[in-house]
Each structure stands twice: as structure tokens, then as C-alpha cells.
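To start, the structure itself, in C-alpha cells.
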Amino acid sequence: MKTAACLLAIAVAAGAGLPVHDARAEQPGTDATAPFLVNARLNFRVTYPRFLRFRVGAASTAVNHLVFNVPAAGVGNSAPVSATSGGDAGASALNIEVVGNNGQVTITPTNSSGGLGIGTGNAADGRIDYNQIQTTSSVPQLPPPVLSNAGGTPVQPTLSSALVTQRTAVWTYSYLNQTIPSAGTYGGTTASRGGRVTYTATMP
Amino acid sequence: MKTNLKIKALVAAVAAASAFGGTAQAAQGTDTSSPYSVANNVNLSIVVPGFLFFRVGAPAGTSTLTFSVPDTDIGNPAVPVAATGGDAGASALNVEVRGNVGQITITPTVSSATGLTSLTPGNGTIDFAQIATTSSQNATLAAPALANTGGSVVTPTINGNRVTNRTAVWTFSYLNATVPGEGTYSGVATYTATAP
Amino acid sequence: MTIRGLAGYGLAAALAAALPASALTVVVADGTPEIALRVGAPGGTISLVTFAVAAATAGNSTPVLGTTNVAAGSSQGANFPTACPANNVRVWTRARSTLATPRVATLTVNGSGNLTSGGNSIPFTNFDWITSGGTEIASGAFSGSPSQALLTFNTSREISVCKRFRFLNTTVYPSGTYNGQLIYTLQMP
């Protein structure tokens, strides 16, 4: 019986892509002639979407709210202040993930202050400049945008391979405390006070 | 003759402010159609407490300025007398005032309504007005004038919004316009900074 | 694993019905040397296992389970009358020799290639399988070897397992429909 030899020849020729149905490859295949050899083929198919996925902080619909409490004896003394609550990777840090598969990703920062900086809702108090918020990253390939009153500087995470970005990092925030602001609570969850930062990831 | 003037600085502290809780938009997202764009928000709060800081002379304790009048010049107003004991020069004190809750007021008070006093029986007093003070930053942090009733109130110039951050050097001199009895005359001037 | 000596098909059917469908070794009668192999559906159509990666979880290392049709895991003969669980692929082998000349059969798989989509590739090393029940063929991952050993057994026996394939989903790939083919080989000297 020659079934084994025919199957072997077909197996060698098979390569990329879905092979054409082979009427001779009946299963089960059998071989009654030494050396005994039977091949059987199995096709795999992966359907892979085109997508961009981006996470800043909690892996949910909740928005992180970092709260920096400046000590009364140290207002404006340039000793940086870490947030005491609000981060998901420590009180003053956020988990970041950017995953995409269609080319270079760009992350652009904007904020709700209209270019004025962070306020209390009372104009007489003045504003805190976004240059007092410093951000550092645990991974050089996923750097944080530098924030400014106008929004800030976009960054481009390093590609993992051609077309693909698959990066995670922790961004740590601190308040630089280099100025003396009027007493008050600046920013918060009311966007009109200017303390809402939006990071927008885009991909071709 | 010696005149000892002790300077005290008093600071009235002011209380703090409060923080928020919050509601939400997304912190993560996935986009599967062009144009590919995902926006995530982060809210920031900076809680700045109210404070007032005031320093006249030595950072801790009381500064003592001692004016020693030469025997040959007692009562000669053409020869005012400088002190020893200052921290910004012998007869001068470093002054700092900082705060963020609005207009600061510096009010002087003195230890006796009759002036600097002597332990020597029969001696009178020296009027606090005989201690003159000038400021290196007269426009923004003037020195209060001393008097037996206390003296003049000054209001340091606000830097912006509700914030004051001023420094100066206050220089003291004894005007030497009277002839007191021989002895050592002492008194305490207290400068008190207050804010709303 | 259960090994049973059989006198004929009738007895084998009665015994097999009481046993788990996922994995089993059945001793068969010695005879003229012959081997037989089936992977997936019987007949002439090559079975297809599909892995649908979701955008929300792509690359997060949670495996994506493969899906296939009922035929790919259908029963096989009197000794394996129960179908595999849904979305499992049946791997069935038989090796027979004479009592005087016992032989050893070996099942291997060639997972050295890739699935491809245009110029992009996903190596087979990104996949593994879960064997449901039994130890004849252990659960494992494709090593990338062109001849990865799966099973070695003596004549004369039938052995069958059910496999659920998984895409390991640790690396992100460009979008596309990736296709590839595995070749299982049963040999006996």
C-alpha cells in the first residue's frame, strides 16, 4: 500500500498559508509497509485585530485622583512633595500600559486649565503652574510627557518590533513646591479648576 | 551708659484648607477602528495650607542690641549711637516675613509705657522714640517706628494674589538727643505679625 | 490510564463505554505489522483550529482557547465511542505487529514553522495544548522542534487523547489572519 509515501510528499510541500484540500489524505491514514510512516495534518488560524489599547492608572472606569498635601512649615521651600493618596502603583504613582499594532504611538498631554495653570476656583488665589508637577518613568522606553499650562510635550514610546508597541511602566508624580501659592486646594475633580490632565494616545 | 533693647517676634499662625472626593471618566480604553485614539484622565489636587512666618533677628530666641554711649557724646544728637548684637551687622537685624492668606500687619509693642528703664535709683527713663529704625527695603518691608505707646503699624507689600514673601535688614540707632542719668536702661520691643 | 486486553469488538465496546473519553490505551490483537494515525476529523478534510484574539486582552498573557468543529474530536471506532469535549482535537494512533516481532511506535509533531499573514509570522512556539484526562500524551507546548516527541508505545495498541489548543498570547503581533499547518508523524521501524 502506497498511502504513506503519498502523504510524506504532500507534507514536504506544505508551507505558509492554508493548504488546498488533498483528496488522498483520508484519515485515519495507514501504512502496512516497512518502514512504517503516516502523516496527519492540522491547520491553525489566528485572527488578530488592529487595535490601540492605553491605560493610565486604574484598570477600570475610575479616574485616579492624586492629592499632594504641602506641609505648612515647608510651603515653597523646594522640597518635592509626593501625593499621599490616589495612585494605583503606590500613592503617588500610576500603572501605564500602551499596546498597539499599527505603527508609532504618540501620547499627547492636555489639561482643563485653558492654559492658565491649576486654580482653586477663586481667581484672587492665583494659579499653580503645571511646571510644578514633575513626572518620572520606571521604563525609559515609555517616558512620561512633561506637563505645562498649555498641555505639555508629546512622547513616542519605543516600538517593541515593526508596527508593534507593547510597553508598561510606572509613572511617579511629585509636586516641586518651588513657589508660595495662596492658601487653598488647587485642582481636584472639578475640571474647571484646571487640575484634570488628559493623556491621549494615537496610532496611525 | 548702656541701653539694652530686646526684640521679640511673634507670629500668629493661620489654619488650613480641605480636599475633595471625586467622580469618574475612564482610566483605560481600547480602540479598534481608525482613527486610533484613546484618552485617559488623571485628576490632580494640591492642598496648600495657610501659614505665616516672621523672623526679626536671631532665628530662635530674642535678639539683644546694646547701645553704648561714649562719655564725651552724651546728649549730642549729632552723634547717634550704633549698637552691638545684631545678626545682620552689629546694629542691624535680618527680617523675613512670608505668608499666603492675605495682607500681613506688623505691630510693635514695648515693655513699658514710660520708656526704657534703669535700675539706678533716681534715674528717669529713655523714650522708646530715641531708638530709630530704618529698613533696607523701605518700600516693601518698612521698619515700624517705636514709641512708648508702641509705635507705628506697617503692612508689608503683597507679592501677588494673597502671598507675601519679603526680606529686609532693619538697622537700629540710638538718637542720643537727651541727657539721661548715668546707668543702664533696658526695654523690650515686640514685633507681632498677623494675617487674616 | 487504563489498559485492557480484548477478545473482540463487542467486548471492547462494552468496556470502553465505562471509561473516560479523553485518554485511553487499548491493547489490540497482534497481527500483520501496520500503523494508523488520525489527527482531527476523519475523512478527507484537514481540521482547522481557530484562535480569535480580542483587542482588549491581546498580549496580556491570558491564553486564547482554540475552537474547532465537532468532527475534529469525534469518536473513533469501537474502542473510542465517545466524542472529545467541545473544541478538542482527537489524536488517535494504532500500531500492530506480530507476537514474534514486537515493535515500538513513535508519534512526533513538527512545530518548527510559523503561521503567516503577508510578511508577518507567529511561530508555533506561541501555542500549547491541554490534554483532557490521561497521561499518554502530556499537556505541553510546541518546542519549535521539527520532530517533537509526543508518544512512544509498544505493539499492539490503540491510543487516543483529546487536545485543546491554546494561543499563549504573550507577544503582540500586527493585525491579520494568520494561517499555518502542523504535521503529526507516526513511525514504526
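Order of writing sets the labels: A, B and C. Residues in every chain begin at 1.
Simple rule for what comes next: contacts are C-beta pairs under 8 Å (C-beta built on N, C-alpha and C of every residue); 3 or more make two chains touch, one makes a residue touch a chain.
All values derive from a computational prediction rather than experimental measurement.
Chain pairs B-C and A-B differ in how many C-beta pairs they share in contact, with the greater number at A-B. Each chain gets a centre from its C-alpha atoms; the one nearest the centre of all protein C-alpha atoms is A.
Centre-to-centre separation of chain A and chain C, using mean CA positions: 38 Å.
Between chain B and chain C, the centres computed from C-alpha atoms are 88 Å apart.
Computed from the mean C-alpha positions, the centre of chain A lies at a distance of 52 Å from the centre of chain B. Shown for chain C are the residues in touch with two or more other chains, namely 55-56. In chain A, the residues touching two or more other chains are 49-51, 53, 100, 102. Multi-chain contact residues of chain B, defined as those touching 2 or more other chains: 30, 32. On the side of chain C, the complex with chain A involves touching residues 32-56, 58-59, 66, 76, 89, 92, 94-95, 105, 113-117, 122, 124, 127, 165, 167, 171-189.
Residue ranges on chain A touching chain C, taken from their complex, read 11, 14-19, 21-32, 34-51, 53, 99-102, 160, 162-166. Remark: chain C residues 55-56 touch chain B in the complex. Contacts from chain B toward chain C in the complex involve residues 30, 32.
Interface residues of chain B facing chain A in the complex, by the touch rule stated above, are 13-14, 16-32, 35-51, 98, 100-101, 160-163, 165.
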